[in-house]
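Here come two complexes built around chain A, the first alongside chain B, the second alongside chain C.
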Partner chain A sequence: MKKGMLHSGLLALALSAFTGASMVAHSAFADDTFKVAVVSFLTGPAAGPFGEPGRHGAELVIDAINEGTMPAPYDSVGFGGVSIEAMFVDESGGNAKQVAEYRNLIEKQGVDAVLGYISSGSCMAIAPVAEELQTLTVMSVCGTPRLFEGNNWQYTFRTQAHAVADSVAAALYIRDQLGDVKDYTGINQNYAWGQDSWKFFDIAMQKLIPGSSGSDSPQFPKIFAGQYGTEISTLLLEDADLVHSSFWDGDIEAFVLQASVRGFFDKKRFISVAGASAVDNLGKRFPEGTVVGTRGEYGILVREQEGELNEWFINAYRERYGVYPLESSYQYAQTVLALKAAMDKAAAESGDTPNKEQIIAAMKGLEFQSLAGNVSLTLGDGHQAVHPIGYGVTAWDDETDGPKLVDIRIYPTHCLLPPVNQMSEEWLEAAMPGADC
Partner chain B sequence: MQATLTLLLDGLVYASYLFIVSVGLTIVFGVMKILNVAHGGFYAWGAYAAAYSIGVAAQLGLPDWFGLILIGVSSMCVGLIFGYLIERLILRRLYQHEEVIILLATFGLFLVLEDLILLVFGVNPYFAYQPMVYLGSVELGGIFRDVYSLSLLGLACLVAFVCWYILNRTKWGKILGTVIYDREISLAIGINVTTVYVWTFIIGATLGALGGAYISPTISVAPGISIDVIVLSFAVVVIGGMGSIPGALIGAVMVGMLRALAVHQFPELELFVVFAVMAIVLMIRPEGLFAPAKVRRI
Partner chain C sequence: MIVKTLSSDHTIGWVVASFTTLAIVGLFLPNWVLNGTMFGLARGLAVLGLLLLWRTGLISFGHALYFGIGAYAVALLEKYTGVSDIFLRLAAALIAASVVGFILGFVLRNYRGIFFAMLSLAFSMVLYGVLIKSEALGSTDGFSVSQTTILGWQPETKYPLFLMIILIGALAAVGVHVYFRSALGHLTTAVRDNEIRVEYLGYSVARAIHLKYVFSAALTGTAGGLFAMALGQVDPDSMVNWTVSGELVFISVLSGPGSVAAPFIGAVAFEFLRTFAFELAPHAWQLIVGGTLLGIIFFLPRGLWSLMEHVLMRKERRRG
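Up next, the complex of A and B:
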């Protein structure tokens, strides 16, 4: 009896293993579709300013490529000859949930590749699992440099430059446009992104503007805290004339609302590294004269920029969703374009529908045209993107009755990031050798 | 002097905010012995109702001060509707069960209320800054302060006074005291405990909604705003003693002042200080600073 049960068990195990292997072998490219999960915040405080616009950006470009309606160089139908079937997944709920969801997507839903992720915490948690499950994962927004510095991921890519580039570009803009800044302080969220942003900005400022001095007590309120009255008082009492912030989502909007009523922006220059979504959301309530960046050539920074791809994206997005595309719309669309470029390249090289290994080989070190600029995957052994980053100053446009950025400066990649195989922080501390900007 | 005044005002404004959002929680626990996690949902619905109605009023061209009236109206509507429906349809069926079952039910309700917000209002933020802009700012201690935030102090004092007055100077207060002391004896002497419960829950829900509605002009009203609030409210209520209104007041002042001190002098401790106070109080007085005396049954 026991022997019979043992045999039955072994048979069931062998059958299930065979079935599972068959499913894996046939999951990719079945029925000429490539199944992709796009992960972004669809609920919670980050959904409005980041998650939903990101999802819309990806959705718009995926549909257009599937239908062959995008302008050149993405005017061929499909991704390497196949269509993408996209499913949209919520990033809310913390890292543990994201890891479980990722496993579910790969092992049960049969997803071929995963795109997206906004939070640095999500990216750091997902990358090891992507390696374990050997699944192509292309990250869109997260900014921590630690994703590839000290790690050698084979299946993970990121199409967004990391936080060091944002911070160096911010310091360059201050040096070039504001010039006389000597004392500065900051208010940043108390987690990896906020802490890293302040640290890199502080180092870059001291290297680029010798004699400048950062505050000893910058503010680090909890993410999504909502109430900043005490922090605003503290910043107002400081002598520093410039305030740096990497606030994003509802936090930047709440801060601006609370600070503007107290005359904060009349007394301090303010630089917002990642708060561009608030410029659109708050409209006239967002103070003019604020330095704003979009972490690349995205959103309001390139709204007036000419170019067939950019103009198509803005018009198609407005037609479909009724609003202008924001920073994350561009970032997610950029990730989809990277996948399209890699799959087309792999298909051209193989002469057939590419498999996973061929797509990954094509993506490594890829150079591709994004909506408003070019992107190269040159850092992180060909897995980490570099691209120019711009800043501008907010102003109100009476003609369009909407916000705009003026005095825009866009810094090339060699000014912003270290050469291959050098750690960002070491490069910053060494006064950015090779970046003659 | 300037720094001291600023610190004092910052601490008191934050304490007022904490008291307003936590007093409803402590009233419901004090009377009904329900640890109401759904309180965060009332806060969020209050914020959304106020932000939405203020936005509509602005579109209709109504004056900015009208938003102040809408804050009161929307919080009462949220408290009445949700408080009544939840007490009648769900909680009333659970009173005979253990407290932990009711706690889980309110947690489920919290999630439902959050999802209802997504269903009704979507994910995009709402702004209702008109009342805050209308009240403007005033220079105190060398820096400008917005009058709207300072008005939180007045609102907190008003709420505290009304609670004190009702509990100590009215027949309703005496009835509440009796129900808090012993539900069964209250029933035996003819008190309609069912009515007391439903009104207590409505008042608790209204106070939670009032917290959200009053804060809405200062924030971006977006999904998830209530999560931090419910955690902070619990911290304040635990410090002061579950079910004690003076305890909630003292707890809010302690947390508010210590947090302000941390932000001004040791910003890196800001996250830590609230829960450090809670841990210390729990070590010394596990029942909280002002927990009401418990009945000893013989």
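Up next, the complex of A and C:
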């Protein structure tokens, strides 16, 4: 027994020495920087089309603001006078892993704020933990409206409009540009974003185009499935000639490639809510005449749009990374700009380096200029962004030898989202009162 | 007899002393270490379940089934009844896993070797498929799990949950140790060595394996429940997918079959290995984790525990 005690003492000592050593290795950083973690997919199928471009967008804008080289209104040096030290973290590995890593970021790395998150699954899982750890968390891309509808988060913000806006804009575009659509079906990923996207698109279509009818068997493959042979066959057998999809990441590229070779795009009209990254990545292999959205004034939709910020962003991004900024580059940059605007505002009000509470108070209800449009955090008690959303049709530009969007229509905010304090689904079911578009 | 075993056994002294030390050290650990240790110890409990089977020469590639059932029992209990009490949550995880283990045991007790492994894997992927397809069960998103209460009291810190996890871990380690020492437990190695002889001795091999399988399921289910409580989130990819089963087997190999304490040490080591790998190489952390396993297989074929055995033996020799 005595010997046993000794051994176990040794064992526990070894364990605590091990953990203690690692603690010392990660002691606190200097006080004059604001430490931010930027989370996006760095590995797996979403890294290429979403994670890396998003990371680059954030990196570019953070560096420019730290150095004070951005155009007005973001031309002051630093975030409320302090510079940001950014670390980039991988979003893959599932929700449970993300929650564990989030705890590590706060409690071990001592970050002051967390930015990013692409998957709706991650956002839904992170928000309660952000609340528990009382850490400012600004989400960039994820789309499920459930994040703020039915939840009253204090520490979580989202600088991207949610799936209702994307779906309503899609239905409006179909009504205005495609006209005679009667039957439609869809292929969406089987998780929060995909299910919500289809549900809202379906309701919006019924209300905006009376007499149209959705398929009884829309397809819901698993996210990151990568193989869509069965689904493509099923869709081809359906009568509906319009196919809706909220695919993003590598899935949209895989789907487009697999569907193209089977002549899918000759037989069906295809509307892709968030697939613009594939237009750039696939180039000529992406079919022309496809309706594509970018979920906001981002990426290929605003590539030709004038404006100092937008032109600066496109040029600086191309210079540094050699490619055009994609949808997620804009979304991540937008989150950084929101933080910059809020920290500047808080610093102006307090006359000093702002603390966490002051930044959160400043961010609540914030209106700020993004790269190619304006964004305001009006929904979700001042935590959820609204902004215009547009769609266009893919075409090949012989002059630049690259893809472009034609027939672009951008719909204003009041057409796309419910007023404050109304749940999206009720608003949609009531035929979108107040949205006279 | 049990009392005699308890008092004369070094392993039990060990476990009790480790428990006390951890309970005291836990008071001073920063939150992230406490969290990592909780995840590690909860996984360790699941690996202890695997160890039970491993001693009989059975390796399950599907123990994420019970891990997931335990975790989802906790999450669904909260979703449909609002219960967040630790004892009710644990009971739900334990009972759900044991019942499923008992039923599947009737099939699995007839198989050995690769057939046992693959059949376990198949059952776990059935649950995975059901969860993914069903929106009522959270689909790929899963649920978040609210903070655990203890008899109506909502603790401010994670320490009470940590205490609970090490207490359950210690009880399970002692329980499994006592079981290995019992007549039924001694059958485990006998079954591995020669089933026909065991049958001639008058024992039912099928029944011994079935019982062991239910124990194993119960331990792993409890582990899943504790893990869900420590993490505050359940989802199919992190709880039920085959990769989770693989992780548990990985930790078994990392720990070695030497002792009931080995799974806990191995699992905590694994947890921190992954955390640091993730931090050092966000693009290639899987490589570090995989490389470590290769290193262990090549240089420590009996796992991390063999390091401990080495230290113990040297001490014995010096005393002798």
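Just so we're on the same page, the second predicted complex is superposed on the first by the 406 of 437 C-alpha atoms of A that agree within 3 Å, B and C clash if a C-alpha of one lies under 4 Å from a C-alpha of the other, contacts with A are read in each partner's own complex, and residues count from 1 in each chain.
Basically, a residue touches a chain if its C-beta (ideal position, glycine included) is under 8 Å from a C-beta of that chain, and two chains touch if they have at least 3 such contacts.
Predicted model only: the values in this text are computed from it and were never measured.
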*asked:* For A:Met124 in the superposed arrangement: first (chain B), second (chain C), both or neither?
replied: second
_Contacts of A:Lys222 with chain B and chain C, given as first, second, both or neither_ = both
*So, A:Ala431: does it touch chain B (first), chain C (second), both, or neither?*
neither
*asked:* Let me test your reading of the model: by the given contact rule, A:Ser233 touches which partner, first (chain B), second (chain C), both or neither?
replied: first
*Identify the partner contact of A:Asn281: answer first if only chain B is touched, second if only chain C is, both if each is, neither if none is.*
first
*Is A:Gly51 contacted by the first partner chain B, the second partner chain C, both or neither?*
first
*May I ask you to decide whether A:Asn190 touches chain B, chain C, both, or neither, giving the answer as first, second, both or neither?*
both
*asked:* Let me test your reading of the model: by the given contact rule, A:Glu101 touches which partner, first (chain B), second (chain C), both or neither?
replied: second
*Once the shared chain is lined up, is A:Asp249 touching chain B (first), chain C (second), both, or neither of them?*
first
*chain A residues touched by both chain B and chain C?*
42-43, 190, 222
*If you look only at chain B, which of its residues touch chain A in the complex?*
2-3, 6, 9-11, 13-14, 17, 118, 123-125, 127, 129, 132-133, 136-137, 142-146, 148-149, 215, 217-220, 222-225, 227-228, 259-260, 263-268, 270-271
*Mind listing the chain C positions that touch chain A in their complex?*
7, 10-18, 21-22, 25, 29-33, 35-37, 39, 132-133, 135, 139-142, 144, 146-147, 231-235, 237-239, 261, 265, 268, 272, 275-276, 278-279, 282-283, 285-286, 308, 312
*Note which residues of chain A are touching chain B in the complex, please.*
42-45, 47-49, 51-52, 92, 190, 217-222, 224-227, 229-231, 233-234, 236-237, 249-251, 253-254, 257-258, 261-263, 281-282, 285
*What does chain A use to touch chain C in their complex?*
1-5, 7-9, 11-13, 15-16, 18-19, 22-23, 42-43, 88-90, 93-97, 99-101, 103-104, 107-109, 120-121, 124-125, 128-129, 132, 190-192, 195, 222-223
